[in-house]
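There are two complexes below, and they share subunit A, which is joined by subunit B in the first and by subunit C in the second.
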Partner chain A sequence: MSEEPETVQVFNVLNHELVPVHEVLDEDEAKALMARYGVKEDQLPKIQVADPAARAAGARPGDIIRVVRMSPTAGKAVAYRFVVEY
Partner chain B sequence: MAANPSTVKALEGRGFDKETAERLAEGRTLKDIQGLDKKGLMELGFTGNEAQDVIEKLAKAKRPKAPSARKPKEPAVHEVLEAYVDVPEEWTAEEEKLRDRIIKKVEKLNEGVHEHEIVVMPHRVMREIIKMALERDADAKLIDRVVEKSVDVLRRIRIDPTEAVGIVGAQSIGEPGTQMTMRTFHYAGVAEINVTLGLPRLIEIVDARRQPSTPMMNIYLQEGWNADAAKAQVVANEIETTYLKDVAAIDTDMVELKLVIRPDKAKMKVKSLTRDDLLDILKKLRKAKAEPVPESDEIEVILDEPGFKRLQQVQHQASNIKVKGLDGIKRVVIRKETGHGYVIYSEGSNLADVLKVRGVDPRRTTTNDIQAIYEVLGIEAARNKIMEEAYATLSEQGLLVDRRHLMLVADVMTADGSVKAIGRQGISGQKSSILARAAFEITVDHLLRAGMRGENDHLQGVAENIIVGQPVNIGTGAVRLAVDQKKFAEVKPIPLPPPPVRKEPTPVLEEEPLPLEEPEEEPETETAEGEVTSET
Partner chain C sequence: MRPSTNVPKKIGSIEFALLSPTESRGLSATKVITADTYDDDGFPIEMGLMDPRLGVIEPGLRCKTCGQKVGDCPGHFGHIDLAMPVIHVGYVKTIRNCLRATCRGCGHLLLTESEKGQFRARYDQYMVEAKDTGPLSKRIVKVASTAQVCPSCGREHGTIDVDKPTTFRENQHKMTPSEVREWLEKIPDEDLPLLDMNPEVARPEWMVLTVLAVPPVTMRPSITLDSGERSEDDLTHKLVDVIRINQRLQENRDAGAPQLIVEDLWELLQYHCTTYFDNQTAGIPPARHRSGRPLKTISQRLKGKEGRFRSNLSGKRVNFSARTVISPDPNLSINEVGIPEASARELTVPVRVHLRNFEWCRAMVERGPRPEDLPGGIYQPGVNYVFRADGRRVKVTEKNREEVAERLELGSTIERQMMDGDVVLFNRQPSLHRMSMMAHKVKVMPGKTFRFNLPCCPPYNADFDGDEMNLHVLQGEEARAEAEILMKVQENILSPRFGGPIIGAIHDHISGCFLLTWKNPKIAVEEASQVFARIGFRGNMPEVHREGPDRMYVYGKDMFSCILPKGINLRFRSNACPPGISDEEAIERDYLVDIVDGELLSGAIDERAIGAFKGVLLEKIARDLGNAEAALFLDRVTKLGTGYITMRGFTTSIDDEDIPDEAQRDIATKIQRAERQIDALVESYNLWQDPAVSPKEKEERGLQALPGRSLEETLELEIMKVTAQTRDGAGETASHFLGMDNPAVIMARCGARGSMLNLSQMAGCVGQQAVRGERIHRGYQQRTLPHFKRGDLGASAKGFVASSYKTGLSPTEYFFHSMGGREGLVDTAVRTSRSGYMQRRLINALEDLKVEADNTVRNTAGTIIQFTYGEDGVDPSRSVRGTPVDLAQVFTEAEKELKRKA
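Let's look at the complex of A and B:
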């Protein structure tokens, strides 16, 4: 990012109010998840590698990101997204 | 001895960079490589450290293939629950104790029930119970009963499998939509900023328009900046686009054919600009020179090729030069909000740049431009914003739509990782079924194209099955019943009660009564409901 004089330190989008928690699952967690729901990765909702939040979380294509959303109905809800390239 | 691309790819997936992967894969299969030891690797020209690294990476990637991990055991219910709870959060010791108690109780209630009946207690419900319990100092028995009831309710209100949630959602949003006004309203509270509301706004959200017709931002300020009106003004100046004509009078001198720019002192001060700033900016003018007028704060612009027409051109150019601010921000309004201090509202939006401005709180600042949110903050933020904006638009008109319907809309729009519109270009237009697309819009085009290409329709959706006259794959239509013949054979007929004795009808006055039909009472073989297995 270009350093303009007015620029504060690079802002981490994960700190924004609108952005829920993004965590990359490790391999075992991912396996357990797939087994629990009986689905394949590509049946999950997707997130692009270039997505600012995915980048901030350090995700790579093929990873699964756990998203912990603040939900107005459930309080806190967990969702998963499969990291894809395009 | 070329490297097999798939082997290279497999190695890359195990954390190797491309170069190393290619070197390893040269003429070898993955199995060969995994069989190599440190010595073998060093013979290939790897240094000791590199070889060690390679072995470690291979070993790490191999671990999940160990037999114990190959078949991950079904996690227990409380582990599923943990996914909901075990997110870093502050719980007091007291709360934690209650939390664990509730989790245990829910788990117990889940014991022995069918897999589909397992209830996960939503975080918010759990919090609520804990809060109430602590407030009322409830005893364990009472808490247990509350949990029991809650689980009961949760089980009951859950959406059934194969329920047509999309249709329900569409109607739940569509009906109130008919009551919406078609007007552009003023933004509540900030009278000066116009914002599209009502149906046009709702359509805009659902269409995933690149830019809303009235983009606006809520810009919150950081601690230390939000308490002071002067500081808020400084930030506002940095953001609001200011043209030269806003801070100076630009006059044409017809006699000498030059421009005279007279900065307005008060306005310059508000915008914290100096004459030198203006001079710098005026250098951008082509075929003209800007010079300060000695012993005044005026600036003269002298043309390279004097001419009346040219002078007018340059005047026009000069007045529309941007001297300060960010692109896209047309106007700002500063207001004091309780709890937030001074907040800047802007007409026009430029999220990426505004977040970088000093004094702006980048964590809370938002825009109503959903595409910009997607680009700057990502898909999940966009999802949140779609929900929020749609809900706000509806509730602003007093229409209360359950948030869950809007969540579904937001989920569908963001499912593939980018914000997709619902409609011709988006969800409906990209369905895989030809018949479904044809049923939606531009029927002939879709059918013709599909015919030319020889496409197939797998009849998996709703619309296409209605077209061909089959049960749709949703709701009760999604369930198939099949009889287990083996078990059916074991079923013993239940003996029927003896048939009721029919009384002989009393003969009527006719001489020859018609012969009564013998009531052929066939002993109805009970078609006992054999063991029925359901297939979904």
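Let's look at the complex of A and C:
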């Protein structure tokens, strides 16, 4: 049922100034993250593969996405999303 | 110690099932056939609704089924065999879905084999992933119900409609519950999972009742009134109705009565069963008591705010609590609460008797439950109960107190009456934030009210116009320690809401301190010492100055410095400081507060320094020197303020708003000018409608619409502008004549109470009244009131109040003013209910969130909600009004330090 992430895109949402940076973690980073917080994947916030930002970042189900966004309190805030199918 | 019984357990799974008729009968202790409850001698009738086999409710008797006594017997179900099946109201929707999605002929789901296969595969996948199958079933029903003919047997499928509460129609033909039941029976087990039912525990035909379970009597006890009359529970009443109709239905049917009569009775039975489950079903009248009160049946017992869940399980009535009216006491510390003696004698604290407190405990038990006051009226705590080591409870009375004291043993627990210094929780509803419930230390005092110091009013949002508050006595050492560390009033001075003080000086404290410090008044030594004496100050007197041979005085600022802690450095502008003036002018007019090492060098202390919400001085003390120091400062500053203001005297009355004739005239001309301006605006607007004016002239002299606005909007905007200017102008004129020698102005400027707008409305002009932010338009026939001409757009016709509150309003003005006032009242009423519901939903969503040690916010499942609390990890109650560090303050302090070193 999994669809291939679209390769040809008319517009890359990640280039928009209001969309925060989304990047897929590699396996080591993902492992380190899980160890740091002592959590399993399903205890992370989720993002759908179909989410425009996730598609633009080329994520597949099971990946973890790092989101770096501007925050009114902290300046820059880092969050992580576990990519799910539905 | 008894072994703990409240070991946490984890719920593995929950299964929802339907009760089958066989199961209902199996559960039943007896069949219920008679609608009567008790016979003439007051004994329960066998096979009646109060059958002794259904459980015991009278103390002393034993249950006929299980042989246990009142508290132990849980009660037992009975059953009623219904003469004809009846639809269960709670399952009408599910039944409808089943009927719509299945075939009446063969009972199979109305899906083709391939559709079925697909959905089955999807369903299996959902089960593997442990996902909710509810939405899938909904889709299946939707697909199946569109079928015209059954793919399995080719039978035509009709449309199923539900009539009001419990009647089903197939192609507009009524179906009896029996027919419905027959249909549901045909649905094969293997199709049930797709309809979100588990065939192992639930069959669809069980949603049509043939047997009605009768709940145990323990669930519907009858009450004996004082008059000896028995009053039955609402559920029992309803069951009586069901049995009666059931009997009549059976008799009529067996006697072969006409179809019509049987059907009527059947419908009546359906009605009674429906209301027995839910007496608020839409489409049928609720069953009523003889008095006209609607019966409280099963659904009503559980549902809503007063239902079992919200009122008895999520929240409960508790012991060791008290509620009474509150009143102020400025002599208490902010950490204290005054308790009436009567409450103190009733509320108790458990104390373990051990070697080191044995004599103390014994003496207290000996005093009994009503000890006499010590000489001087000093309260002494007594003991109400002794719990012996073997678990027996002994009530201490005047008669047995000596004997009980004599027999007191180590290891017993005594329930001691409250005494000074006990920690209690104090709460005012609505509990909107955590400061609505704070820990106080008890002070037992005469009287019948709870008393606390005025700085604690803002966090509780309390006043003394009849407010009542609740108090809970803590019963364990752990609880007391936790409350003292986390919930004590002083720990809540800095609010987590905005990072400033929420507890602070109010009203007279502020006026008092302002009068004491502004322009540094000279205060006679005698008066100063009197003020210090009444606040219980024990430090050194400030420097005494001499004037002439026998006048000795101290400065007000020096007096204030006496209670300032050392080491405080702060510079800020007073609340009374008019905006937009230079530092030099602020210093000259004594509005620039400068505190160096705990000495008030210049400036007036007012709301900006010590007030709740705004007080920066208070905030600084709490942050730099700790909460205990802040509490001490607050206790002193409030006493100093009230002490000084009482000695000096301070009054305000309506003649504080007296202004000279000259000012009156000035305001009158300003209002006249405004009216002329508005007339001119209206005229330029009306020009457009005038046929006598040439188009060219219209363009030149007519009102020009603002960009993006219509002509009407422009006119309203312009008029609103003029009326606002006029009110401000009148206020300016008025305040020009009301100086800082005026008590009302002093209060407004220093932030104690009232505002300059209030004063200018009293002295000058009330101004434009508005409804929904617009001038008042409502009315019939193009006018607001019959006092005006139709179509009048002038100032007074649309709600401009030219009078002041002091001169009084004209009848039309009064009417407009009431309209504006009414809107305000309605808005607050609507706002509270709406925000209350919003808060309830928010709290339900957030209640299990917690900040963990690694700064993540997680719920009880360990799911991460936020990776760093607030994204910056800052605790707002420890922040400086939201920012982690007050850089400006750090720099000034560093600069000072550098200078000192140089």
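Following the convention adopted for this analysis, the second predicted complex is superposed on the first by the 77 of 86 C-alpha atoms of A that agree within 3 Å, B and C clash if a C-alpha of one lies under 4 Å from a C-alpha of the other, contacts with A are read in each partner's own complex, and residues count from 1 in each chain.
The rule is short, and it goes like this: a residue touches a chain if its C-beta (ideal position, glycine included) is under 8 Å from a C-beta of that chain, and two chains touch if they have at least 3 such contacts.
Because the structure is predicted, anything quoted here is derived from the model rather than measured.
In the superposition on chain A, A:Val84 makes contact with subunit B only, while subunit C stays out of contact range. Looking at the shared chain after the overlay, A:Glu17 reaches subunit B, while subunit C stays out of its contact range. By the touch criterion defined above, A:Tyr37 lies against subunit C but remains apart from subunit B after alignment on the C-alpha atoms of chain A. With both structures placed on the common chain, the touch criterion links A:Thr73 to subunit B and to subunit C.
Which of subunit B and subunit C touches more residues of subunit A: that partner is B. In the superposed model, A:Ile47 makes contact with subunit B only, not with subunit C. In the superposition on chain A, the residues of subunit A contacted by subunit B and by subunit C overlap at 45, 71, 73-75, 77-78.
Residues of subunit B that touch subunit A in their complex: 13, 64, 69, 71-72, 74-75, 80, 83-84, 87, 122-127, 238, 355-358, 362-364, 366, 373, 375-381, 384-385, 403-404, 407, 411, 414-418.
Taken together, the subunit A residues at the contact with subunit C in this complex read 37, 39, 42-45, 71, 73-75, 77-80. Taken in their complex, subunit C has these residues touching subunit A: 854, 856, 858, 861-868, 870-874.
Residues 4, 6-8, 11, 13, 15-22, 27-28, 31-32, 35-36, 45-48, 51-54, 62, 67-69, 71-78, 81, 84 of subunit A are the ones that touch subunit B when the two sit in their complex.
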